[in-house]
Amino acid sequence: MASAPSNRASTSSSSLSSLRQRPWVRWAAPLLLVVVLAVLPLVMSEFVNETLARIGVFAVAVLGLNVVMGYAGQVSLGQIFFLGVGAYVTAYGVTNEWNIVLVFVLACLVPAVAGLVVALAAARLGGLAIAMVTIALPIVGVPLAKRLSEYTGGSQGLSARFAEAPEGSGLFDDQWQLYIVLVIGGTVFLLTRFLVRGKYGRAFAIVKGNENVASSMGISPYRYKVLAFTIASLIGGVSGFLYMVVIQYTSPETMSFGHSIELLAAMVIGGAASIVGSLLGGAFYVLVPQLTNQVDASLTTLLQGVILLVVLFVLPGGLASLPRALTRGRRRSGAERGAAASTTSPSSTLGSGTSAEEPETERQGHA
Amino acid sequence: MTLLELEDVTASYGPVQVLDGVSLSVPEEGAVGILGANGAGKTTTLRAISGTVRAGGRITFDGKDIRGLRPDQVAALGIAHVPEGRGTLGDLSVRDNLRVGAYLRKDRKGVDEDIEYCLDLFPNLRERITSNASALSGGEQQMLAVGRAIMSKPRLMLLDEASLGLAPSTAKNVYDAIRRLRVESGIAMVVVEQNANLAFTLVDSATVLETGRNALTGTSAELRGMDEIRRAYLGG
Amino acid sequence: MGKFVQLVVDGLSTGSVYAALALAIVLVHQATGLINFAQGGMAVLSAYVVWSLTEQGVPLIVAILLAIVFSIVLGAVVERWLMRRFERGDPDTAVVVTIGLLTLITGFAGWLWTYNNQQFPSLFSLDTVSFLGVSVSQRSIGTTVVIVVAMVLLQLLFVGTKLGLALRAVAINPQSAAFSGLPVGRLLMVGWGLAAALGAVAAVLVAPQLTLTPGMLDNALVYALAAVILGGLTSPIGVVLAAWMIGILENLAAVYVPFIGFDLKVAVPFILIFVVLLVRPQGLFGRKNVVRV
């Protein structure tokens, strides 16, 4: 799992940053995290492990969405579709007793190919059209899944129990499953972190910011949008595989329009373009329904809508940006430092959430 | 009778201070020019008056403090702003542009008469009355923008760089028409212009802005005579 | 032959519902530069208002008129208090806000009125009428006619009235419009109100057939967006024609193309988009750069 929460140089106080520079600290923190994560499943209860595993599944799904939407700036309503495809591929492969490694590879590749095809067509249209087209994926996906019943089990769905703890390991199923999620999910998170911090991440950010600027720099917006979308679909497929590991059942309902929107909301609330935000998003996705089910199940959607709107108004960078927002508040009332303070860091908001100090106009001309 | 009074007006775009104490006085039916180099704050001054930009200091129109009013509220008081870039509504026809200018008026007959007057003032527009405004040339769009301002029957008109991007002869035509308008209607004007020669054919007095402050103020005759003006703006 | 005509008429009817939603989306986009994913949701909320009122014994026509008023207010309030902040910013953020609004409305309706399907009273009877020797449903004809009338009225408003001129001016260049004294904020609220009203009319007409549920227009929204892509954000006529085409084609495909059938007819608009865009990237009627890049 990723360690350092913020990828920008907007450090808090100088003492903390110098502490971070020290070499042994840079190794100690991740190492400590790994140890904690290794021990955690062994000590926690079955319920906690299962919940954490679910959170892991959807954190990966949200991470995928973040790649295309948070980092590359393309609104996609189709991420849940790729999770569904990954889950179905996994279920089908396991039911037919294929090699598990092959199943995993297919669960990654099939959604990726599907995503590639969709992106090749949709990315040509320009920004918002991707949103409008990806909305079709869950909407068409559900009846398609019902229709192709020989592969998908139709409306009944498919179950596949395959992630049972191996004999002799001394582990319970829930612990084993959590380990699988931690290992695979953690790897995906690490790889993605490298991706977005490298030249691809920078290219994504430029395309997100201004496509004309990107093309003038020789960065083809079309190419990078397709790339981002394909990667997102691939990650979505991985999350689908993990979904089957943990939940062991998939049906057309898995990729419904409602879930698609919940996933998007989870991403925004957790924090767009943020690794930690994806984790928080996964937690939001899993925990809110668990909570509202205790009180009144019909409240779930309402609560999600309210939280999403509140976040968009008050904290556009999502929960992951909370520490930054708080330190900014404290710094404003403290001494004035350099220009690093005011504007929100571009990598962590979905567009310009806070309005800059422009002249107070009724409305800027749009046409 | 002072129609418009600016006292020590300040304005900024974010951290950049553009106006740093500008003062201006426009008498009833008078015309005052604002001259100066690019970035001196000429356009911002007009924006401060029309409420497009938040400003500090005092801005009074007809004795009433108009600071903090929205642009449409300022327009309702009788101030018509012809912005830099003209602001013509491209997808609407010439006639519709003029009708938009008359939005606040309720007298149908008067509006029709004034449309006639505009077409008389700017014969080019008459030929293009049904064309979309975006199909007009630069000069015609400028005329249309002025025409739209006339339609609201303002007491004060703010003209921002009316000659910008126009061929010298076209710009002269536009200014001739505006001069005629001034004589026939008595509308007061604040004229921002980089072309000081042209400005002096219209305004009675002017102020020269430098980095957001008044550097020189005087009647047209006085300013024309000054060496600095001649060298900087009138080509020696 | 009779079946074919029936399918076309029914397709025209559902196509009109998509057209109304699509037109509302275009209207909102022209005025404020963003795509409102909650357009269908707002329309459904208005339908719930009608339903609650009729459950209390209010006559249907009265309930519909009241709901139209409600929708105008709803549209105005949403613009002023929710969307205003996001109108001059990044359009993608604005879209996410509308998605949040959709979630809120769906959740609210589901919480207040449950997620169960409710029977909705129909303005038109399901009886058929003989037309050129073929029987077609009264409801289909009625729906189409009402929506066409609504759209024509809206168009007349835009082209023939001072208010319409003002709405157009504000959509083109709000700052410039303000210089002529147009109250930009208020006009934006009116624009959103009118769009919401159009959606409400569509919802009320289609609810008897689809049965009322919070997600009732989710599918229709997808069709409407497809119509917008095909017709182009700058062409109201194109969008309406595209919507009708989608409605008719999906019906025909459902019956005459066995692979597609009724359950997969929702794929039809996207097959259409795929095909059209291969040939004409800007949509059937739109100008280049249909969607803001």
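Order as written gives the chain letters A, B and C; numbering starts at 1 within each chain.
The rule is simple: a residue touches a chain if its C-beta (ideal position, glycine included) is under 8 Å from a C-beta of that chain, and two chains touch if they have at least 3 such contacts.
Just so we're clear, the structure is a prediction, and the values are computed from it rather than from any experiment.
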Greatest contact count: chains A-C
Chain at the geometric heart of the assembly (C-alpha centres) = C
Taking each chain's centre as the mean of its CA atoms, which one is farthest from the centre of chain C?
-> B
Chain A to chain B, mean C-alpha position gap in Å, rounds to 53
Centre-to-centre distance between chain C and chain B (centres being mean Cα positions), rounded to whole Å | 43
With chain centres defined as C-alpha means, what is the inter-centre distance between chain A and chain C in Å?
-> 32
What parts of chain A, by residue number, touch at least two of the other chains?
-> 361-362, 367
Would you pick out the residues of chain B that each touch at least 2 other chains?
-> 52, 70-72, 90-91
Pull out every residue in chain C that's touching 2 or more other chains.
-> 172-173, 175-176, 178, 184
Which bits of chain C are touching chain B when the two form their complex?
-> 162, 165-166, 168-169, 172-173, 175-184
The chain C residues in contact with chain A across the complex are 32-33, 35, 37, 82, 85, 87-93, 95-97, 99-108, 110-111, 114-115, 171-176, 178, 184-185, 188, 215, 218-219, 221-222, 225-226, 228-229, 261, 263-264, 266-267, 269-270, 273-274, 277, 281, 289-293
Would you pull the chain A residues touching chain C in the complex into a rising list?
-> 73-75, 121, 124-129, 131-133, 135-136, 139-140, 143-144, 146-147, 211-212, 257-258, 261-262, 264-265, 268, 296, 298-306, 308-309, 312-313, 316, 349-353, 355, 361-367
Along chain B, where are the residues that touch chain C in the complex?
-> 50, 52, 70-72, 75-76, 80-83, 87-92, 96, 99-101, 103-104, 148-149, 151-152
